[in-house]
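In this document, chain identifiers A, B, C and D correspond to the written order of the chains, with residue numbering beginning at 1 in each.
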Amino acid sequence: MVYDTHALAAPPSPASTGTPLVEVRDLSVEFVSRESTTRAVNGVSFSLAPGEVLCIIGESGSGKSVTMRALMKLHPAKHTRISGYMRVADHEVSAHSEREMRDIRGSHISMIFQEPMTSLDPVYRIGDQIAETVVHHKKCSRADGYARALELLKLVGVPSPERRLKAYPHELSGGLRQRAMIAVALSCSPTLLLADEPTTALDATVQIQVLVLLRRLQQELGMAVIFVTHDLSVAAQIADKVAVMYAGRIVEYGSVADVLQHPAHPYTQGMLASTVSGHMRGQIIEAIPGSPPDMRVRIEGCSFVPRCKSVKPACRRGTPALVDVLQGHQAACANFV
Amino acid sequence: MKPMAERDFANPLPINTADRGGRQQPMLLVQSLKKHFPVKSGLLQRQKGAVRAVDNISFSVLKGETLGIVGESGCGKSTLARLLMHLITADACTLVFDGDPVSEIRGITLRDLRKNMQMVFQDSYSSLNPRLPIRNTIAYGPVVHGMAKSDAERLANDLLNRVGLRSEIYGARYPHELSGGQKQRVNIARALALTPRVLILDEAVSALDKSVEAQVLNLLNELKRDFNLTYLFISHDLNVVQYISDRVLVMYLGQVVEIGPVEEIYGNPRHPYTRALLQSRLSMNPAERVTEPPIGGDPPNPINPPSGCRFRTRCIFAEGVCEASQPTLDAVTGDRHPAACHMTDPMSGHTKAAA
Amino acid sequence: MSVASLSDLSAAPPTEKLPPVRGYWASVGNRLRYDYLTIFFLSVIAIIVVLAILAPLIAPFDPTKSHMAYRLKPPGFRNFMLGTDELGRDMLSRLLWGGRTSLLMGIFPVLLATLVGGSLGVAAGFMGGRTNTFIMRTMDVVFAFPSVLLAVAISGTLGGGAKNGMLALTLVFIPSICRVAESATTQVRGLDFVEAARASGGSTLSIVRTHILGNVLGPVFIFASSLISVSILLGSGLSFLGLGVEPPTPDWGLMLSTLRAGIYTQPLLCALPGAAIFITSLSFNLVSDGLRQAMDVKA
Amino acid sequence: MWYYAARRILMSIPIALGVSVICYTLVLLSPGDPIQALLPPDATPEEVAFLKRAYGFDKPIPVQYFYWLMRAISGDLGISLQTNRPVFTEVMGALSNTIVISVGAVLLAFSLAFALGTIAAYNAGRPADKIATGIAVVGVSIPNYWLGIVLVIIFAVNLGLLPASGMGTKGSTNFDIFDWEQARYAILPILTMSFVPLGIIMRTTRSAIAEILNQDFVQMLRAKGLGPLAVLRHATRNALPQVLTVMGLQLGYLVGGSILVETIFAWPGTGFLMSKAILTRDVPMLQGAILLLAVTFVTINLLVDLLQTAVDPRIKRA
């Protein structure tokens, strides 16, 4: 195996100019139905420099995907209440109308999904699905769109791309489908790529191919990436910064090395401890007891209290805010206040 | 990390102690297991090929061990589990359970086999009957095997408590009211209700969140010791398999490519596929990033697989001999860590074959 | 560790408050309670059924007695609240009595067809293989007739009458119910919990009873409920063609057919039995839709 | 794909055979002796026996069926008891009239239903959806034999705009739908007939498109920046195979089930023919009409299935 120890030191990029590419302040997302209100995201704030990779880590229902979809305003307006400030480059997403968002989606911000099988339209050819995006945003001819599609398939490393342009999604293998979806997302050279667990549904030997590809493309194209995953080791492979989410809040934030190697929040510590590896053989895993809270119920105080091993009276009083543990490494835990 | 603790229980549950052949007798002996699903096409739907889901597999499971089975999607590991449970009929197979051949005139009947061998399915929406309270789901097996209804329900309550679900709270609940981890505990309790000696766990923790996965793995370890169980643990997660298994079997496209003790497989893999699989594991250390994928491409379609060695299309060491002849697993007899690769057989003619 | 172990194992912290246990049918009922449209039409059906049952007690006249002097009179004429038909019979009484036949024609064939088609479908779905092929191909042949044509063909060749009409409708509905039951069964049969039941050594009969039926009855029930309205329409249609109920038995379809002659003089009279059919059929359709929505609970 | 098409055609042969068996059985079950209908009431036993032999009624039933089938395949469906003309020519003549109004009704219903269904699905839960689904449920609940009468009362009796029944003076032999004088006669039957398929096609369209709009790839389409029209284009393209199947079935139902509407409008199609045959107990005519209509239905379904393989790339099994 080849390790690239320089990868970490890599991107100083345009980040040095100072203004972050993405700014999210106090984002909340609620899903309203007749029976209940699900508070999926509760006051999330973060920022991201151009060319930087942020991994949002969390278990199912932690609000990580919801946060990302909110950035693109993909939630159905009818049952969703979104509040807070969101900005990507010079687009104030939170103030944009649906019509304005349509120009941004797929061009400035694009997204790749977990299941390539169900995320591509089954009755359109791969080439059509890529060219369609190019034609829509660049207002170019269909022929130019196809030329661009071919170029993109080559870029994402699809073998015999001419033939694949005419293929339907069900005629491709899982890895190729995921590459085709990446090609769709990159078709208009976005400045921000949102990736929703893009490697989770893939086999181990294919997952690593896609991860390496994504990292190469991210560096070559200088994109910023928000990468959602539940897998800490995937984050270790691709992230510059890491945000750990629990029950709709960011509970820890910092550089990937800080968070994974010196976790501060009890939840992050628990996650790391319960991630199985071979040298734990014959030992009991220090699992986090219980299960994540029901997001339909409003909780007083820190939502991790029922599962936490170091609870103080202060924990039940109010929701802890993110505070610096070290320079650039923050955690939301009463133990650090 | 704490050592495993000895515990005693409020509810001593029955443990199946029907050991026939003694410690040395393998619990399960599988020989030449084969299952091809026909692929029909053309005007008259003639058989044009076959998905070689499980193609001539032999292995044994020792008493009290955990045999891990790893492989990528489509390698036939789930088919293998269903074949062992006789949920689908094999094309060819000799199965010996603790010295008794299965389904033969003088051997153990299918009904008795199923009493002794149970299966835990992957947690999915379909693993539990949505119209049945979970207590009834667990009690179903014992009732079928002639236990009185009230006794079966008492047993179900004991089992629920044993897997960490308080029966008075959860017994009457329906599956949609439970979380993924809780459902998986019910699945385990259901499998235990017939006091089996062998549990086949088919991706039993794969769909769970990491923190819940850890809880269930702990539970499985405890149950194994307390109920004197033998596990067949099927998973695609190499870390979990390494944690729980005593021996590991690696599958590729319906065949076993390597089998051996866990430290041997992980410490000294002999088959190039096993090596690639191990290298595809991601490190938790951000300083150790993979820059070059260990192998390219997807696993090929199991319909009409490549000739010779099935891995040769993705193998960097492939030579003429790999296309011409199929490597066998028992190249070196008596080996406790055989691999189906020409490079491990000095007589194969592969240039890299160990002398 | 030994003390903490059990609480560590527990999947839910003891503080967690759990909602009350609610079975599938209870939650369906709960959802229906807030579906006012369905409740409204359910009560319309209830009223129609009650009126039909009470017809002998509340009908003001004998529905078959002609008043030859008062033919085709408008509603409100003398004591005839809804007028009289072409033979001078009281419309209101005939409508009330006609409801009995129409409802019977609507419900009975569906019930019988559900019983027969449902069992065939479950059998075909669970056995699979040759049994499935045999049953389903036979159904395909019956299915190759448009329903109206088949109903007309059967009662046309066997001769009219309410009995033959109901037999015809039953035969018309069997294949479609059988298909629904078969596909639902095939779907359930492949699910893991059925595999698990087989792995526990359950016999075919016990698996079907415990694990299959509970999951198949829902879709079959929804589908059958939507057929009641079709059955009412078809049954009245047969009577309209002279193939269903025989005169002078009052029936909405038959009334419509005989009153057609009077559309130039008393168009409103002709509209009445049709409106009765329409309202009944509409109510059954909407209730069936409401049921479908209420039963569509993701497990 | 060609293999699939050929297989599909082969598969419809046993179905057509089954259909013929049912038609034959129906006549066997029908009360009364078929010989009786052909004979004068005062026929001698010798005459009866002679006719039985002549018609093959003395042979075992499977043999009789075989003879009958052979005759049917060659287009000989017997002679109508009422008109004394060959059943085949009578039914085929009527069939073309039935097809005129059926196709008219399906085209009308389909265009309206597909549009309404799409709008309803896109606005699921909003007023537009409720109105559209309301129309659909009325369409499937309304007895069309009554609707026909109501339309006649309004447009023919009260307003006098359209003819109440029949096919006009030029008759049924060479009907020209593009001639307004004749087309007027088809309007009310087509309108009446289109209600049921309107409701059913709309429900299907709505549920198919609503289901597709819930699928993952629609999120992806929106994430690509496509607007509602482009998203709907993808959705309708995905829903088309399913909707086409239902449309084909409806066309078949109309051709085969037009008996009520044709009776009301005295439209000289197959349904009207059957209706008369029932009244006069003209069994050969009834049997022939049923057989031909069922075969037409099977053929329409076959054609729709073949069309479906052409529009759905997922059906491509070699």
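The working rule: a residue touches a chain if its C-beta (ideal position, glycine included) is under 8 Å from a C-beta of that chain, and two chains touch if they have at least 3 such contacts.
Because the structure is predicted, anything quoted here is derived from the model rather than measured.
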Checklist entry - Which other chains touch chain A while also touching chain C? => result B, D
Next on the checklist: Keeping to the contact definition above, tell me which chains border both chain B and chain D.
Outcome noted: A, C
Checklist outcome for this item: The pair out of A-D and B-C sharing more C-beta contacts is B-C
Next on the checklist: Centroid of chain A to centroid of chain D, CA atoms only: how many Å?
Outcome noted: 54
Checklist outcome for this item: Per the C-alpha centroid definition, the whole-Å distance linking chain B and chain C comes out as 48
Item to check | chain C and chain D: spacing of chain centres that average the CA atoms, whole Å | outcome: 23
Item to check | Euclidean distance of C-alpha centroids - chain A vs chain B, Å | outcome: 33
Next on the checklist: Touching at least two other chains at once: which residues of chain A meet that condition?
Outcome noted: 284, 287, 289, 291
Checklist entry - Counting only residues that touch at least 2 other chains, which ones in chain C make the list? => result 1, 8, 10-12
Next on the checklist: Taking the touch rule as given, give the residues of chain B at its contact with chain A in the complex, in rising order.
Outcome noted: 1-5, 72-73, 179-182, 209-215, 217-218, 221, 236-240, 242-243, 262, 266, 276-277, 279-299
Next on the checklist: Looking at the complex, which residues from chain C come into contact with chain D?
Outcome noted: 137-138, 140-142, 144-149, 152-154, 156-159, 229, 233, 236-237, 240-243, 253, 256, 260, 263-264, 267, 270-271, 273-275, 277-278, 281-282, 284-286, 289
Item to check | Sites on chain A touched by chain B in the complex | outcome: 1-5, 7-8, 59-60, 173-176, 203-209, 211-212, 215, 230-234, 236-237, 239, 256-257, 260-261, 270-278, 280-289, 291-292
Item to check | chain C-facing residues of chain D, complex | outcome: 14-16, 18-19, 21-23, 26-27, 29-31, 137-138, 140-143, 145-147, 149-150, 152-153, 157, 252-253, 255-257, 259-260, 263-264, 274-275, 277-279, 283, 286-287, 290, 293-294, 297-298, 301
Checklist outcome for this item: Residue set of chain D touching chain A in the complex reads 125, 215-217, 219-227, 230, 234, 237-238, 312-314
